[in-house]
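Each structure below is given as C-alpha cells.
You will see two complexes here that share subunit A, one where it goes with subunit B and one where it goes with subunit C.
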Partner chain A sequence: MRASLLNLDYLLPEWIVCGTILVLILSYLLGTTDRRRLADLSVLGLVTALFFSVVTFFEPAVVGRVSIGNGLLQVDPFSQLFKILFLVSTLAAVLYSAGSVEIHGKRWMEFNCFLLGVTSGMMFLASSMNLMMVYLSFEMMSLSSYVLAGYTRGDPRSTEAGYKYVLFGAVSSGVMLFGLSLMYGLLGTLDMGLMAQRTALAQFPDLHLLLLPLTLVFVGLGYKIAFFPFHYWAPDVYEGSPTPVTAFFSVGTKAAGLALLLRLLLGTLSLDQTQAIPWAGDLLAFLAAMTMTVGNLAALNQANIKRMLAYSAIAHAGYMLMGVAVLNVAGAEAVLFYLFAYMFTNLGAFTVVVALFNLYQSEQVDELTGMGKLFPLASVCMAICLFSLTGLPPTAGFIGKFYVFAAVIQKGYFVLALVGAINTAISLFYYMRIMKAFYFREPKAEMLAAGPMPCGYNVLIASLTVPVLIFGICWSRLYEYCSTSISSLIAH
Partner chain B sequence: MGSYLLTLMIFVPLLGAIAVLCVPSREEKVLKTVAASAAAVPLALAVLLFMQFDRGSTAMQFVERAPWLPAFNIEYYIGVDGLSVPMVLLTALLSFICTLASWNIEKGLKGYMALFLLLETGMMGTFCALDFFLFYVFWEVMLLPMYFLIGIWGGPRREYAAIKFFLYTLAGSVLLFLGIIGLYFWTTPHTFDIVRLAEIGKTRPQEWNPPFQWLVFIAFYIAFAIKVPVFPFHTWLPDAHVEAPTAVSVILAGVLLKMGTYGILRFNYPIFPEAAQFLAIPMAVLAFINMVYGALVAMAQTDLKKLVAYSSISHMGFVMLGIAAATVPGNPGAAAAVNGGVLQMFNHGCVTAMLFLLVGVIYDRAHHRDIYGFGGLAQVMPTYTGFVTLAFFAALGLPGLSSFISEALVFIGSFQAFMTITILGTAAIVLGAAYMLWTLQRVFLGEVNAKYAALPDLSPREIFCLTPLAVIVVILGLYPSPVLDLMNPSLTHLLTFFW
Partner chain C sequence: MQVIGLTPYLVVASTLFCLGVFCVLTRRNSIGILIGVELMLNAANVNIVAFSRYVGDPVGGQIFAILVILLAASEAVIFLGLLMAVYQRFDTIEVDKVSLLKDEVPGDDAHERA
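Let's turn to the complex of A and B:
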C-alpha cells in the first residue's frame, strides 16, 4: 500500500468534477448563458473525469490500494468502479437536463452545479476511509440532492418532494451520525482501516455490541438506498422531482449508499466477524424480502410512469440487498454487477420517459399509447430495458439476477430465493403495462401532432441500451472487474 | 458445414429477423421473401439432419461446444439426440409453414416477421441446448416475441391473453431458474452440463437425497407443466390460443406445448429418476384429468378455435400418460409407452397445426368461428372440407392416420402400469370422437347457410401450407418407422435410468 499525504494525483477525477463546477460558474458570470454551451462544458468535464477513473481503475498502484491524506481517503478498484458508476449516471442526468423542458434555461447552470456537487460528494464517499470523511461526503451529497429534488419551485409536487427529502434525509443523517459516533466509541478510532484490524484481531470482547451502531448506520443508509421500512419518502420524492433528477436518484444515490454499506460490512468488519454477529444476515434477508415485495406490490397499481419506476427502484434495492444479506464475497460481487446492469437499464428507461415528457408533458402510462408506432427505436430500447429490469435473458438484468440468486442459493437462503423469484414474476406485470400501452394500443390523435424525437435522445437511448444487451451476452469481463473491486475491498 | 449445422439452424432465423428489419416496410413482397427464405434454411438443414442422424447411437450428435463463461462453467453446448430431433424437425417445418400462412397479415408485417423469426431461434435453441444455462436463455427468449405476437396481432382480448400467457410461463420459469441454480451448486464440480447432470442423476447420488431432490423435481415439473399445460395450470391456454393470430396458435400448440413434455423427459427423468418413479401415479392422474377434462370442456365449446385449443389439452394428456407409464419399474410396456408419448408429441404437433390453420382459413373468410353459425360448407368448399375431415379424423385417432399409432402405443404401454387409469382414459378417445364428429356435422353437413354460400375454397397458398402436414399425417399413420427409429434408441436409453 502506498501511503502518503500527497497522493493527490489519484484524486484527479474528483478534482476535475470540482473544477468543472468552478468553470461553469465562471463562464456563466462571464456571460455564457446558453444552455448548450454550458452542457458541452460539463459533459467535457465529466467525460474527462470518467476517463481518468477508468485509467486509475487499471493502474497497478491502485489495485494495491493508495492511501491519501493519512488514511482519510483510499483509492482502490472498489472506489474507482463506483466513481465510474456515479459519473455515468451524472453524465446521463446532465444530458437529460440539457434538453429537458422541466428545468428552465436560465437556472440551468445552478442546477448543473448542484448535480456535480452531489457527484463529487458521492465520489469522495466511495473513497472515504475515515468516519469523519464518510459523514462529510455523505452530507455533501445529501444537501445538494435536497436542492435538486425541489428544483422546480413553481411545481408544488417538486416543492413537496424537496421538503420531504430534507426532512427524512435530516433525520436519517442524524441517526447515522449517532451510529458512527457509537462505533467510534466502541472501537476507539475513526479510521476504518484500523477498525478492520481491531475487529479482525478479535481484541474486541464482544462483537455483539457492534450490532447497535451498525443498525443505526444501516437505518441512515436505508433511507438513502430506500429499503423497507425506510422507503416511504421515495415514491413522493421520485415523482415530484424533475425527471432527470429522479433518474439520477434512482441510480446514483442508491449506488452511493450501497458503496458505503459494502465498505462498512465487508471492508471494515472482516467477513467472518460480520457473520458472527447473530441475526445480521437473517435480518438483512428479511428486509430484502420485504423491500422487494413492498416495492413490487405497490408498483402494480401505479398509473404514473415515474412513480411506477420509483417503486420499481425500491424493489431493485431489495434484490441488491439480497446480495448484501449473504455477507460473502460472491454476494458482494453480485451486488456490484447488478448495480452496473441496473444503472444502464434504469437510465435507459428513464431516457425514454424524459424524452416522452418533453414531447407530450405526460407521465401517465395510459396516455402514452402507440409509442411503438411513433418512435420505433426508442420503444424497442424501452422494451429491452424493461425486460432487463424484469430480469429476462439475454439482458444484463438477467445476468445480474443470476449472480444474486446464485449467491443466495449457495448460501442456503432458499426462502429468500423463492420470494425473489415470485417477485420477478410480479414485476413483469407492471413493466408489461408500459409495453401494453406502447405496442398494443393505437396512438391517440393528439399524440401524432408532436414532432419527431430529437436525434440526441435517440442516440442516448441507444447508447444506454446497447450495453444492456452486450452485458447480457458477454459479461465475463465486467464480472472480473467487479471481482477485482470486491477483493480490493476485503483483502486486509 | 456438418459440425455447424445446429448453430446455423438456430441463428439463421435470427439473421433473417435482422435482415427483415433492414427492409423498408412498404416492400411487402421482399419482406415476405426474406422471411420465408430465412425459415426455409432451417427446414432444409433439419431435413439434412434427419438424413445424417445416426439412428443406432444413443449419444448426443452434432455436438458443438465452446466455453461461454468459464468462471461459472457455462458453455455454449448444443447437440441433438433421438428425443430432440423429432422436435427440431417439427419446429423447422411448422415455422416455415407459418411464415407462409402469415402472408395475409395486414398491419406491421415487418415487425411480425422479425418477431416470428426470433421466436424460431428461441425454439430451436431450446431443443438443441445441452447446457442448462443456455437452455434457460433460449427458453426465455422464446417468451418475448410470443408476448408481442399475441398482444399486437391477436384478437379482441389480446392484451389479457398476452399478459396471462407471459405471467404463467414466467412464474414457471423462475422456479426452473432456481432449480437450475440449486442443481448447479449441488454437484461437484459445479456444472450446467445437461449430459453430465444426467450421468450423475443415474447414479442417484447421496447428496441429492430428499428434500433437495423433491424440491428441484417439483420446481422443474411445475415449470414444464405450465407449458404443457397440465391441469390445473392450463387456464392460460384457451385464452392465448384463441386470441393469437393463426400462425402463432399453430406454433403455440404445435411446438411450445411440446417443450413442456420435452423438458420433463430431458431434465426431470434423467436427473431425478427416483423422484420420477415415486411420482408416477400422481403424474398419471394428472394426465388422466387432462385427457378427460380437456375432452369434456372441448365438447362444450361453441367457438371452433376454443374447441381445438381444449382438444390440445386432451391430446397432451396422452403424452403425459405415456411418459408417466415409462417410469414404472417392471412395466413391460415402458418402451412402447415412452415411444408412443414422444410420437404423440410429433403427431399432435402436425395435426393440431393443421386444425389451427384450417380454423384460420374459415375465420379469414367468415370473420367468426361459431360452430353453429355455419352449415353445409361441404358443398361450398369441398377441398377445405376434405382437409378438415382428414385433420379431424387424425385428431380423433382413426386407424391409418398418425395419431392412432401413437395413442395405441401409449395405451398398450400404460395398461400394465396403470390399469384403471388407462381403461378410464380411453373415454377421452370416445369423447374426442364425439366432439369432432359433431363439429364436422354442424359445420359441414346439412343445409347450406345462405350467408356463406359464396365462400371461396382454399387458395393455392393455403393448400401448399396444408399439404405437407396432411402427407405426414397419412404416411406416419401407415408407416411410422422413420420417426420411431429415430427416437427409439435414445428413449430406450432413457428407460435404463429407471431399471
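Let's turn to the complex of A and C:
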C-alpha cells in the first residue's frame, strides 16, 4: 500500500468535479447565462472525471490501494467503481435537467452546482477511510440534496418534499453521528484501516458491544438507502422533487449509502467477525424481506408514475439488502452488479418519465395512454427497462437478480429467496400496468397535439437502454470488475 | 484537584441524546424538532471529545468535534431556509399540517382537490 500525504493526484476525478462547480459559477458571472452552454460545460467536466475514474480503476497502484492524506481517504477499485456509478447518474441528471421544464432557466446554474456538490460528496464518501471524513462527506451529500429536493420554488409539493427530506435526514444523521462517536470510543481510533486491524486481532474483548453503534449507524444509512422501517419519507420526497432530481436520488444516494454500508461491514470489520455478530445476518434478511414486500405492495395501486417508481426503488433497495444480508463475498459482488444493472435501468425508465412530463406536464399513469403509438422508440426502451426492473431475461436486471438469488440460496436463506421470488412476481403487475397504458390503450385526443419528443431525449433513452441489454447478454466482464472491487475492499 | 473519569461524560451524553430523541418524537413544531436534532448532535460531540481524551487521540477527536459544530450550523441553515419556504406556502410549521403528498388510489380525485 502506498501511503503518503502527496497522493493527491489519485483524487483527480474529485478535483475535476469540484473545479467544474467553480468554472460554472465563474462563467455565469462572466455572462454565460445560456442553459445549453452551461450544460455543455458541466457535461464536459463530468465526462473528463468519468474518464479519469475509469483510468484509475485499472491502474496497478490503485488495485494495491492508495492511501491519501494520512489515511483519511483511500483510492481502491471499490471506490473507483462507485465513482463511475455516481458520475454516470449525475451525467444523466444534468442532461435531464438541461431540457426540463420543471427547473427554471434562470436558476439552472445553481441547480447544477448543487447537483455536482452532491456528486463530489458521494465520491469522497466512497473513498472515506476515516469516520470524520465519512461524516463530512455524508453531510456534504445530504445538505445539497435537501436543497435539490425543494428546488422548484413555485411548486408547494417540491417545497414539502425538501422539508420532509431535511426533517427526516437531520434526525437520522444525528442518530448516525452518535453511533459513529460510540464506534470511535469502542475501537479507540477514527481510522477505519486501524479499526480493521484492531477488530481482526481480537484485542477487543467483546464484539457484542459494537452492535449498538453499528445499529445506530445503520439507521442513518438505512434512511439514505430507504430500507424498511426508514423508508416512509421516500415516496413523498420522490414524488414532490423535480423529476431529474428524483431519478438522481433513486440511484445516486442509494448507491452512496450502500458503498458506506459495504465498507463498514466488509472493510472495517473482518468478515468472520461480521458473521460472528449474533443475529446480524438474520436481522438484515428480515429487513430485506420487509423492505421489498412493503415497496412492492404499496406500488401496486399508485396512480402517479413517479410515486410508483419511488416504491419500486424501495423494493429494489430490498433486493440489494438481500445480497448484503448474506454477509459474504459472493453476496457483496452480487449487490455491486445489481446496482449497476439497476442504475442503467432506472435512469432509462426515468428518462421517459422526464421526457413525457416535459411534453404533457402529467405524471398520472392513466393519462399517459397510447404512448407506444406516439413515441415508438421511447416506449420500446421503456418496455425493456421495465422488463429489466422486473428481472426478466435477457436484461441486466435478470442477471443481477440471478446473482443475488444465487448468493442467498447458497447461504441457505431459502425463505428469503422465496419471499424475493414472490415479490418479483408482484412487481410484474404494476410494471405491466404502465405497459398496458402505453400499448393497449388509445392515446387521448389532447395528447396528439404535443410535438415530437426532442431528439436529445431519444438519444439519451437509447444510450441508457443499450447497456441494459448488453449487460444482460455479456455480463461476465462487468461481474469480474465487481469481484476485483470487492476483493480490494475486504480487510486483510 | 479531583480527576473526573470517562463515565460521567458518557452519562451526560447519553442523557442528552435520549432527550434529543424524545424531543424529536414528541414535538409537532418544526423548530422543536430542530432543537431536538441539535441536542443529538451535541450529545455525540460530548462523546467524541470525552473519548478523544480517553483514548489519547486529542487531535483527531477535537477536529472531529469542531467539524460537527460546523456541519450542525450549516444543517440548521438549510433546515431554516426550507422552513421559511414552507411557511410561505403553507402558513404553518406544524409537521402534521404539511401534507400535500400522500398515497392515492387510481380513480380517487384527491390530487385534484389538493
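Just so it is clear, the second predicted complex is superposed on the first by the 491 of 492 C-alpha atoms of A that agree within 3 Å, B and C clash if a C-alpha of one lies under 4 Å from a C-alpha of the other, contacts with A are read in each partner's own complex, and residues count from 1 in each chain.
As a working rule, contacts are C-beta pairs under 8 Å (C-beta built on N, C-alpha and C of every residue); 3 or more make two chains touch, one makes a residue touch a chain.
Remember, predicted model here, so these are calculated numbers, not experimental data.
Of the two partner chains placed around the shared chain by superposition, neither subunit B nor subunit C is touched by A:295. Shared-chain residue A:222: touches no atom of subunit B or subunit C.
Residue contacts after overlaying the shared chain place A:132 against subunit C, while subunit B stays out of touching range. By the touch criterion stated above, A:467 is placed in contact with neither subunit B nor subunit C. Touch criterion met: A:235 reaches subunit C, while subunit B stays clear of it. In the superposition on chain A, contact is made by A:366 with subunit C only, not with subunit B. Within the superposed three-chain arrangement, the count of touched residues of subunit A is higher for C, of the candidates subunit B and subunit C. With the contact threshold set out at the top, not one residue of subunit A is in contact with subunit B in one structure and with subunit C in the other. Against subunit B, the residues of subunit A that register as touching in their complex are 387, 390, 392-394, 398, 402, 405-406, 409-410, 414, 417-418, 421-422, 424-425, 428-429, 432, 435-436, 439-440, 475-476, 479-480. For subunit A in complex with subunit C, the residues that touch the partner chain are 131-132, 135-136, 139, 143, 146-147, 150, 153, 156-157, 159-164, 166-167, 170-171, 173-175, 177-178, 180-182, 184-185, 188-190, 235-236, 239-240, 298, 301-304, 307, 365-366.
Across the interface of their complex, subunit A is touched by residues 13, 17, 20-21, 24, 30, 33-34, 36-37, 40-41, 43-45, 47-48, 50-52, 54-55, 57, 60-61, 63-64, 67-68, 71, 74-75, 78-79, 81-83, 85-86, 89-90, 95, 98-108, 111 of subunit C. Residues of subunit B touching subunit A in their complex: 69-72, 133, 136-137, 140-141, 143-144, 147-148, 151-152, 158-159, 162-163, 166-167, 170-171, 174-175, 177-178, 181-182, 184-185, 215.
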